[in-house]
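Look at the two complexes coming up: chain A is in both, with chain B in one and chain C in the other.
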Partner chain A sequence: MYRTSFILYRVRELLKLFSLYFLWHFVTAQNNDFFGYDQSEIITYLLISTFVGDFIYSTRTTAIASEINEGVLTNFLLRPLSYLRYYFTRDLADKAMNIVFALGEYAIFFSLLHPPFIFQTNASLLLLFLASVLLGVILYFFISVLISLIGFWSNEGWGPRFIFYQVIGIVSGSLFPLDVLPKPVFALLEWLPFPYLIFFQSKVYQGQLPGSEIVSGFLILVVWICIMYVVTRFVWKKGLRVYTAQGR
Partner chain B sequence: MKRFFRVYKILFLMNLSVLTAHRGAFINHLISGTVWGIFSFIVMILLTYNVRSIYSWSKQDILLLNGILGIILGLFNTFFQANFDNFPNLVNKGKLDSFLLKPMDAQVLLGIWHTKVVSLSRALIGFIFIFYICIHYQISISWTGVLLSIPVVILGIGLYYSIWLFVTTLTIWFDRATNIVELLHSLQGIMRIPPVAFRELNLVLFLVVLPLTIVAATPVGLFLGRFDFGGLALLTTVSFVCLLLSRKFWLLALRSYTSASS
Partner chain C sequence: MWLRALFGRKGFVCILHKDDDMKYISLWIRVTLQTTQVALASRLGVTLFTVGKLLRFVFFMVFLSLITSKTKTLGGYTIWEVILFFLTFNLIDIIAQFLWREVYRFRSYIVSGSFDMVLTKPISPLLRILFGGSDVLDLLTLVPLLLFMGYVSTQINEITVLNIFLYILLVINGLVIAMSFHIFVLALGVVTTEVDNAIWIFREITQLGRFPLNIYPKAVTFLFTFLLPIAAMISIPTQALLGILTVRGVIICICLSGIFLSLSLLSWREALKRYASASS
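So, the complex of A and B:
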C-alpha cells in the first residue's frame, strides 16, 4: 500500500473523530442534558461507539460484489479454501492493523482536546464489552457478506450498500444512543440485529445495563449470529448456482 | 465567454446522456443521494431536539444552517464534486495531459468536465427542509433576505471550491495520494456547526477551521433578514482571497507537473 495514501486514510479517520466530537460538544455545550445523558456520558458514548464502529465496520467484504461481477470469484472457487472463511480471516487481520492505528489516533485526540470521557474501571464490564465487540464483529461480517452477495444477481451493488450504511448508521446507535428514540420504536429495534453492533457494546462499556439486560442482549446477539450464518450460507449456495464466469 | 458556454453545453448534454443511458445507476444515485440528504436532516433534528439556543444561535438558526448547507453541498456535488473526486486519478494515471493540451484553461475545463445532475436532489431536499423549518417554527422571511442570501450562497460555494482546489492540487506533488479527497469529505461535519463553537480552539486550529464554518453560516443571517456586515465582509474577503490563492497554487503546481509520457 502506498504510505502517503495510508497516512491520509488515518488522518481522515482522525478528522472524522474531530468533526463528530465538535458537533456533539456544540450541541451539549450549554444544554447539559440530551434525553437524560449529561455531556460526559454522551461524549463517552460517542467516542466508544465511534471506536467500536471503526473496528466492526472495517471490512474487506465490500469487494465480494465486484469479485463476483468481474469473475474473480472463479479463482477462489478453484482453490482448496473456503471463500467466506478466507474473507473472515482477512477481515480479522485488517481489524488488528486498524486497531493499532486507531489507538494512536485516539491518543492524539485525547491529548489535544481532553474530552470529558468516563474511563471504565470495572474489569468484568470491560471483559463483557470485549466479548460483545467480538460477537458484533462476527454478526457484521455475515450482514456485510449478505449485502455483497447481491453481486450474484445485480451489477449495481454499491447503491444498496450505500443505503444500507445510511440506515445502519442510525439503527445501530452509531450516531446517537438508541434509547433516546420513542419507547415503541426502541422496543422494536431491540429485536433487530443492528443495535447489537454498536449500541449494546457502548451501553455495556458504560455500565448502564442491568445484569439481566446484559444476559438477554448477549443471547439475542448469539441468536442473530446463528440466523445470519444460516441465511448467508443459503444465499451463498443459491448464488453459486446462478454464477457464471467466462475466460478464466 | 461564448466559447465557454458552447463547450459547457456540449459537456452537460454528454453527461446527461451518460446518466440516462445507465438507468440503474441513475436510480441508485438518486435514491442514495435522497436517503443521505434526508437522514442528515433527521439526525440534526434529533441532535437539536432538546436545544433552545447554543452560543446565541437559536435552534431554528442551527437547523436553517444545515438546510442551507444541504443546498450548498447539493449544488457543489452537482457541478464540481465528481471532477475533484476524479482529479487524483487523472494525475496518477497521466490523464491530466489531455486537459492541459486542450485550447482552454485546464482548471476551468477540469471543473466543468463532469456534471452530476442527480445530485440536485440533495439541493432540493435542502430547499424542502428550509421550507419545513420556516413553516414549523413560523419563521417569517422576506424576499429581500432570500434574494440577498443567493449571492452569499454562491460566495460560499466559491470558497468551498477554492478549498477543494487547494487540497486536490496537492496530488500533483503526491500523485499516490489518490484518497486525498476523502479528507474534505470527512470535514463536512464541521460545516454543520456555527463558527462561534470553535472559539475555544487555539488560534491556528481556529483559522484552519474558519473557512469551512463560514461557508453556510453566513447566509443564514441574511436569509432571516439579519444583516451581519462583519460576517458578510469576512466571507467575501476570505472567498476572494482563497479563490485567488488557490488559482496561484494551481498554476504553481502545474509547473511541477511531469506528464506520464515524459
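So, the complex of A and C:
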C-alpha cells in the first residue's frame, strides 16, 4: 500500500550498509590488523552483523505503547487471542518480508563491490548460527515488548526506547566486534543480554568461538530469554490492572 | 526583505500579503515558544531524549577513538581533526533539527488534509511548514557541543581568526544546503505523501559527513561533493577551520548551495502544482 515509503526505507538500509562498509574498508586498508581482525574478518563480521541486525531488530512491537496510550489495546483484549502472541506473529511476518528484500540488497551490494567476505561452509556452524539468530529474535521481542509496556504507566514510552536504541547501537556489536574493547568491559558485557542480539551470532558464524564459549553463550542466551519472558508476563499482568482504556 | 527575496517571489507560489519581514520573525518566535511549551509538557520524555542524544554522542566518540587507535590518523587527519568533522556534523544536525522540526510532521498535514488550511492562510506555506515547529529543547545539546568544540580547537594548531570566520560562513552555507534538502523532502511529500523515510535518508546521507570524505571511493566523493553536496555542507567548513581550504573552494561551496536551493524551490513549486488535496 505504501510502496514509496517501503522502497525509501530499504534505500536507507542499503545506505547504512554502504557507509559502514566504506569506513571499515578504509580503516582496515590502512592497517590490516585491527585488534586481531584482518580486513576480510572485520568486513565479514560487519556484513553478518548488519544482516542479523536487519532481521532481529525489525519489529512491530514499538506500536504497543501507543496502542496502550490511545486505548486501542481494548480492541485486542476483547478478541479471543493472545495479544503478545499476535504481536510475535506480526513480527515474524515483518521479518520474513524484510529478509527477502535484504537478500536482494546484499546481492546488489556484493555484485557492485565484491567485498572480501568469508563464506562459512561448515554446516554445523551454520546450524548453530541459525539457532542463535532465532533465539536472538525471541530475546529482542521480549526486550522490545517490555519497553513498550511502559505505556501502561506513562505516555512517554518513546524516551526509554530512544535511550535503548542508543545503548544497543553500541553494546550489541553492530558497529564493531565487542571483543576489541578492554577486557574488563567486554567481560562485563558478556553477562548482559545485548551481545546476544548480534555479536554472539556473528562470532558463531565466523567460527571464532571455541566450543565451550558457544555452549556458555547459548546458555546465557536461553537464561536471558527465560528472565525476559517472566518479567514481561509479570509487567503485562501488572499493567493490565492499571489499564484504563483511556482514549476510547 | 531577504525572506521575500528567498521565498516570496512570484513563481515560488508563496503568498506574502505583508511586506514586513519582522511579522514573519515575530510569528516564528511565537510559534517556537508554543512548540516549546508543548514539548515541556512531557518533561520526562525531553530529559530522556536529551540523555539519549548525549549517550549517542559519547558512544560515537568511543567508536572514533577505537578506529583511530591503531593508526592515530584517518584519511590523513589526526584524531582531533576527525573529531572536528564529527562535531561539525553534529552542529549542523542540531541546528537543522531545531529550525526545521516541522518537516518531520509534514506527512500528517498531507494525509489529513490539514495542508489545505495552511495554503489558505495569508503566509508563505513553505515558510509555515519549514519553520512552523522549531523546538528550543532541540538546542539543549548545543551548549556542551560548542564547549567541546572549543576544547578540541585548542588541541589543533594554527586555527586563525580568518579560519573561524570562514568556518562560520560555511556552516551557514551548509545550513542553506540542509534547508534545501528539507524543501526537496517537502516537495516529495506533496507528490507522494512520503516524508518520514525521505527525511531519514537525508540524515543517513549527511552521516557520511561524520568522517573526512576522502575515506570514501572517488566516485562516492564526487557524488557527495557535486550532486548531493554533503562535502560543502560538513566537510568543507571543517577544512576551512583547519586552514586547508582555498578561496576557490569557498566560492564553489557557495555556488553549489545557491544552485541546490534554487532547484529545491523549483521542485517545491512543481510539487504544489501537482497537489491534489485528495485527503480533505
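Here is the rule we use: the second predicted complex is superposed on the first by the 245 of 248 C-alpha atoms of A that agree within 3 Å, B and C clash if a C-alpha of one lies under 4 Å from a C-alpha of the other, contacts with A are read in each partner's own complex, and residues count from 1 in each chain.
Convention: a contact is a pair of C-beta atoms (placed from the backbone, for glycine too) under 8 Å apart; a residue touches a chain by one contact, two chains touch by 3 or more.
For clarity, every value in this text was computed on a predicted model and none was experimentally measured.
Once chain A is used to superpose the two complexes, chain B occupies space that clashes with chain C.
Using the contact criterion defined above for the overlaid structures, shared-chain residue A:175 touches chain B and also reaches chain C.
In the superposition on chain A, A:34 makes contact with both chain B and chain C. Of the two partner chains placed by the overlay, neither chain B nor chain C lies in contact with A:86.
In the superposition on chain A, A:12 makes contact with both chain B and chain C.
In the superposition on chain A, A:4 contacts both chain B and chain C.
Residue contacts after overlaying the shared chain place A:23 against chain B and chain C alike.
Overlaid on A, the two complexes show chain B and chain C touching the same residues of chain A, namely 2, 4-5, 8-9, 11-12, 15-16, 18-19, 22-23, 26-27, 30-31, 33-35, 154-156, 158-159, 162-163, 166-167, 169-170, 175-176, 180.
Chain A meets chain B in the complex at residues 2, 4-5, 8-9, 11-13, 15-16, 18-20, 22-27, 29-31, 33-35, 154-156, 158-159, 162-163, 166-167, 169-170, 175-176, 180. Put simply, chain B touches chain A in their complex at residues 24-25, 27-29, 31-32, 35-36, 39, 42-43, 46-55, 174, 176-180, 182-183, 185-190, 192-194, 197-198. Partner chain A is touched in their complex by these residues of chain C: 42, 44-49, 51-53, 55-56, 59, 62-63, 66-67, 70-71, 73-75, 192-194, 196-198, 200-201, 204-205, 207-208, 211, 215-217, 220. Contacts from chain A toward chain C in the complex involve residues 2, 4-5, 8-9, 11-12, 15-16, 18-19, 22-23, 26-27, 30-31, 33-35, 154-156, 158-160, 162-163, 165-167, 169-170, 175-176, 180.
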